[in-house]
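Alright, structures below, take your time with them.
Both of the next two complexes hold subunit A, though its partner changes from subunit B to subunit C.
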Partner chain A sequence: MKRRTLLGGTIAVAVLGLTTAAIGQQAPIKIGMSMAQTGGLAGGGKASLLGIEVWRDDVNARGGLLGRKVELVVYDDKSSASETPAIYSKLLDVDKVDILFAPYATVPTAPLMPLVKQRGMLLMGNFSFQVNSKVGHDMWFNNAPWGPADSWASSFLDLGQKAGGKTIALLAADQEFAQNLAKTAREVATKLGMQVVFDQAYPPSTVEFSGILRALKAAKPDIVYVASYPPDSAGILRAVNEIGIGDNVKLFGGGMVGLQFGTVMENLGSLLNGVVNYNTWLPEPQMYNDGTKAFFEAYTKRAVEAKVDPLGYYLAPYGYANGQMIEQAIKAVGSLDQKALAKYLREKTHKTIVGSITFAADGEWKETGVVQAQFRGIKDKNIEQFRSPGKQVILFPAKMKSGDLITPFEAARK
Partner chain B sequence: MKRNGMYFWGGAALFLAGALLMTQVIGNQYPFFACYVILQFIVLAVAWSILGGYAGYVNFGTSAFFGVGVYTAVFLFKATGVPLAVQIAAAAAVGALMGFALGLLTLRMQGIFFSIATIAATIIIETAITNWRYVGGASGIQLQRPAVMAPFDNYVEMLFFVQAVMVVLAVAISRYIQNSWIGRGLQALKDDELAAECTGVPTLRLKLTACVISGALMCAAGAPAAMYLQYADPASAFNLNYSVSALAMSLIGGTAHWAGPVIGAILLGVTQQLLTVTISSEVNVLVLGVMLVLFVVAAPEGIVGLIRKVRSKRNEGEG
Partner chain C sequence: MFSFELLLDAVVIGVLLGCFYAAVSLGLSISFGLLDVPHVAHPAFLVLASYAVYFLNEHYGVDPLLAGLLITPLFFLFGLFAYRLYYETFERRGSDAGVRGIAFFFGIAFIIEVLIIMQFGVDQRSVTADYVGKAWRIGEMRIPFRLVVAFVVAAALTILLTLYLSRTFMGRAIRAVAQDQEALRLMGANPIRIKQWAFGIATAVLGIAGALLIIVAPVEPTLDRTYIGRTFCVVVMAGLGSMSGTLVAAIILGVAETVVLTLFGASWAPAISFAMLLGVLAVRPQGLFGRRS
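So, the complex of A and B:
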């Protein structure tokens, strides 16, 4: 009995101590999220998180928001959809966070959409693809520059058509993101009056692509649209290097994930030459905005220590931009009222380090910010070369253009 | 024996009453989300143990059964919008059929070959679902939950209670098997299948029974997951993690007694949930790995085996 009294007393004192400490200073604004730190999406998740952390430190150095410090509450979702509902429920019900950021990528985000809609919470998306199209949550804002669903394929196929392409081959991984890309590519091809002469999905575990590429080559397409994931992107480029792709191919690439990551680019080296692929940020002069340079200086310094992508072009600046958007919204609204913040985000244009962002009704970018760029003059085993302009020449959009397309693909590879 | 049964059913009723009370009293959603996952793993581990523990057939295909359960529910919900109970019942039926097919496999394959075949089955089924566009294919499918039924005021609370009922069902079945002629027969064929056959144990019938029951329970456990996530994609539904966890939970708890998988699932499930929201980095994978190694080395017969050993030593000491 005595021991119990002592224990109770200790707990009471501890609780009392904690409460007084909390009252002593204003509670921080908590931003909650899950982020892949293990599993297949961990590489991207960690880089994205570092971008958000750089923003947190910047905003706290500027005195925080509403006179309160900004704190991140982050849990590992193991790259899995089955982990996120419980994590976000904890963020909302136990940690009582003020703002929610979505996890990196589509699969972990998809189960959250109905949850945040039911709870009336604002959710800042993080590089997912069309997760809101069926749910229709009016407080969802995606930081990814995809824009309208078909803009991705249309930008690439448009380039191909201008280069004289009439037929198209589709090669896509049998996974959610790649299949979404392939679907829109088929629709856009029909709209542009192009003929699909080859349409192949391959299982995600495929490592050997020479058979598929031989069949593709035999179909003699003008444009090859590839929607692949990092391991297969490398496998496909190696197979292309081995057996070639045919002289009539004018444009090759489009939706190859992985060719944006520093280590993958370093490993592939000269095999990248000639490929036209999507990207979200590149060190071309047109892509610098207010704060972009300072961000990358801070990121590069911390990337080594955090063991993440040393370049960090793909995700990290967009993580920072998510912070910037919420910062602007909170400052303008003057509170953490979810509806008011969402209204501000929906109606205004937001200046960020990745450019000006305006949202459409579905919470995606009104205009696409995805660029299509061609790899040029890449040498083997040198990651630093990707920091200089001219290595990935922007072909689309027109206002960002930093060079012209070199065709055919076989000529551009040399 | 009878007194044991009374204790068991009393405990089960108390557990269900507690679960129901929780849904009525606790307003915070998080416990239901977290406990749902733990309960789901209890059903999976108990189901795995019926074949893997009693009969000694190591099944790596838990994720195949779980995934088929998820997609049976997705298909039925999309096609007809049937209620949750029907989804679960249908998943159990499909699981039983799958279990029957798996049982026939044991005719030709034993030991490691059987285990490899179950992994192969997972890959084949996942590939088939990945190419089935009606249920979302590779892109996955988002689902909108229907209205919740009384007395629950929240769908997750209802799912939690439904899963609690399934835990009681699974444990009751497992306990019945262990204490009946089926359990003794399975035990015999686990020790030496040929000898068991020679002494008149109907090995094929027993293996088929174990496979059918185990498969039905695993699929049934997967069915509510579609509504829990409100989303299904092949990579998550057929995640190998379900197979590994179900196996690890049974091994850590002990496979010789029905309580083993329950204890293992609670221990490992709670640890996983805690680590997710505490350490939450690569370290939690390491912690689980170390835990597994420690248990395999220190308690090869699981926690139940350890308890038995301690008890028998104490009895010896007293004697």
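So, the complex of A and C:
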């Protein structure tokens, strides 16, 4: 009897061990992506990646997905559009990843859309703007709060019109993202009956913005809508501070990428005062959801060591939310079938740390989640101030509003 | 929209911006212009100097220009080492010709970029000083102080380098090695040591130029890619090896860029430098201030 019990026990332990080993030995679920880790977009790319890595560690701590660990396969796309098609071909053909996440930003994402559509792969977008408008891929889900194409420009120009603005100046970087923004701004301005008195695209290699701003100032606009990338945003604000922008300007900003990043904000300090700019998450009480606080606690601990944006408000929680959405989809569908996952993502509403997300038919958020906020009372060289509410007063959307616009721009700068 | 006031503004800012371009190109005028070394890592050295200035400014509160002066001796030594490495691995073996010499410096530039990212991260960095962020008001015109600083420093550097190359023994030796290395060897001088010294001087100049770079605008690790075209354009347009020519060519470029940017549209500005370079080379293949060989 004893021998039988011993034998039975041994067999049970062996079977259990083998089963556990089998689960442990199952190939991980590979999520492939490129991410800007060098080049002009690296500041955002690294923070976004850290957000995704925090999710990966959380999901693996919960036992993974479908009994398998989650593994990230990541390559540096150097912020370049020319790198991404080859990287994503490698991810599909050599690394044989199961799920694709898009790189951060419009420029590196745009050229890989035809490839992903041709291969019938689901693609979780990462802050692109209107890259699917001409491609029409039905398995594209852009996790960016832009919403309908014109909502970004409308929210800003509405504020300007309410402040008495009738004329507008457009200054945009000569590249995909900024030009898309400028295009929608032109359309919205026409709809609102505003006159465009200055409309210029500057090359990304521009070193000095004094000349452009002089020409802009001479046009005497009421509203200045700027669509710039991180290296240029700082240069533009410095030049505004030095040569002025004119007393008639009521509203300045709109689409300046970079003014959401901790180190850029710290460097610019008081130069930010008065600027009204878009943002995706701010430490205002109304922007917290389930898990947001815990996420930022985990992120902040790892950000210093990883030498990435210490605040991480702009992209990192959306990287985490991308993971949350794919986690919910895989759990609900019970497989990695691309079409079934896409169907789930398209039809359901997803609860994430950045709020509830529903996708429209074009793969963009159904409703805009972009906020327009005005910098107030910013001091020089102090990054910690941005962790407090009230430093960026939310003007749009109405349900998130935390204050009123101070205008004209020169008065708001003081 | 054209106005004479706007044109005058553009010309003034263009002159100042041109002086800044000159300051960041003078080192290359020695290394590439006089020594014929395909120094494509020049802008990466420049960005490295900017980060050294940032470090001294951020952690010890040293004024950026003073920090630029302080790192100059270190950059001189770095230049001596870099040239010796290039000489031993490429030039001495005769394998510096064509793309191989360029590949060496591309490799150095890439290593510098990665080292900066590892040490400082990928975010933009800037410095604080009394002359950063303020402007000098003349009537309706406002001139950023940071560009005035660039103007003064570029003028001083040009004068100092011109005097050094024309009035000192070592300076004349550098010019001689540029003209005929073999003749210099026959006279008992060691051209390699002279070239190494000259490369050290070219790199030392970047200490100050790096300070100007971060004074004029924030820097990030890959900023060197923005300057590679402009600096080579200035040096070739000037006529290889001419210091005063470098200043004049850079001012011409700065004014042309700013006038186009202000009055005709920003999209055309990047084409200006290369269009002007092609135009100059078509009329004067030796550059504006170069001598016919």
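General remarks:
In this text, the second predicted complex is superposed on the first by the 390 of 414 C-alpha atoms of A that agree within 3 Å, B and C clash if a C-alpha of one lies under 4 Å from a C-alpha of the other, contacts with A are read in each partner's own complex, and residues count from 1 in each chain.
The working rule: a contact is a pair of C-beta atoms (placed from the backbone, for glycine too) under 8 Å apart; a residue touches a chain by one contact, two chains touch by 3 or more.
Owing to the predicted nature of the structure, the values given are computational and were not obtained by experimental measurement.
Clashing of subunit B with subunit C is the outcome of superposition onto subunit A. When the two complexes are overlaid on their common chain A, residue A:82 makes contact with subunit B while staying clear of subunit C. Measured by the number of subunit A residues touched, the leading partner among subunit B and subunit C is C.
Of the two partner chains, subunit C is the only one that A:208 touches; subunit B does not reach it.
Residue contacts after overlaying the shared chain place A:397 against neither subunit B nor subunit C. Once chain A of one complex is fitted onto chain A of the other, the partner contacts of A:38 extend to both subunit B and subunit C.
Residue contacts after overlaying the shared chain place A:230 against subunit C, while subunit B stays out of touching range. In the superposed model, A:74 lies in contact with subunit B only, and not with subunit C.
In the superposition on chain A, contact of A:174 is made with both subunit B and subunit C. Looking at the shared chain after the overlay, A:64 reaches neither subunit B nor subunit C. Overlay on chain A, subunit C versus subunit B, candidates 63-71, 99-107 or 189-197: the clashing stretch is 99-107.
Residue overlap on subunit A between its contacts with subunit B in one complex and with subunit C in the other: 37-38, 78, 174, 201, 203. On the side of subunit A, the complex with subunit B involves touching residues 37-38, 74-76, 78, 80-83, 85-87, 89-90, 92-94, 106-107, 110-111, 113-115, 131, 134-135, 173-176, 178-180, 201, 203-204. Across the complex, subunit A meets subunit C through its residues 37-40, 42-43, 45-46, 78-79, 174, 200-203, 205-208, 210-212, 214-215, 218-219, 230-231, 234-235, 238-239, 241-244, 258, 261-264, 267, 271, 307-309, 380-381. Every residue of subunit B that touches subunit A in the complex is listed here, in rising order: 28-30, 32-34, 36-37, 127, 130-131, 137-140, 142, 144-145, 156, 225, 228-231, 233, 235-236, 239, 241, 273, 276-277, 280-282, 284-285. Remark: subunit C residues 1, 3, 6, 9-10, 13-14, 17, 20, 113, 117, 120-126, 128, 133-135, 142, 144-145, 147, 216-218, 220-223, 226, 258-259, 261-263, 265-267, 269-270 touch subunit A in the complex.
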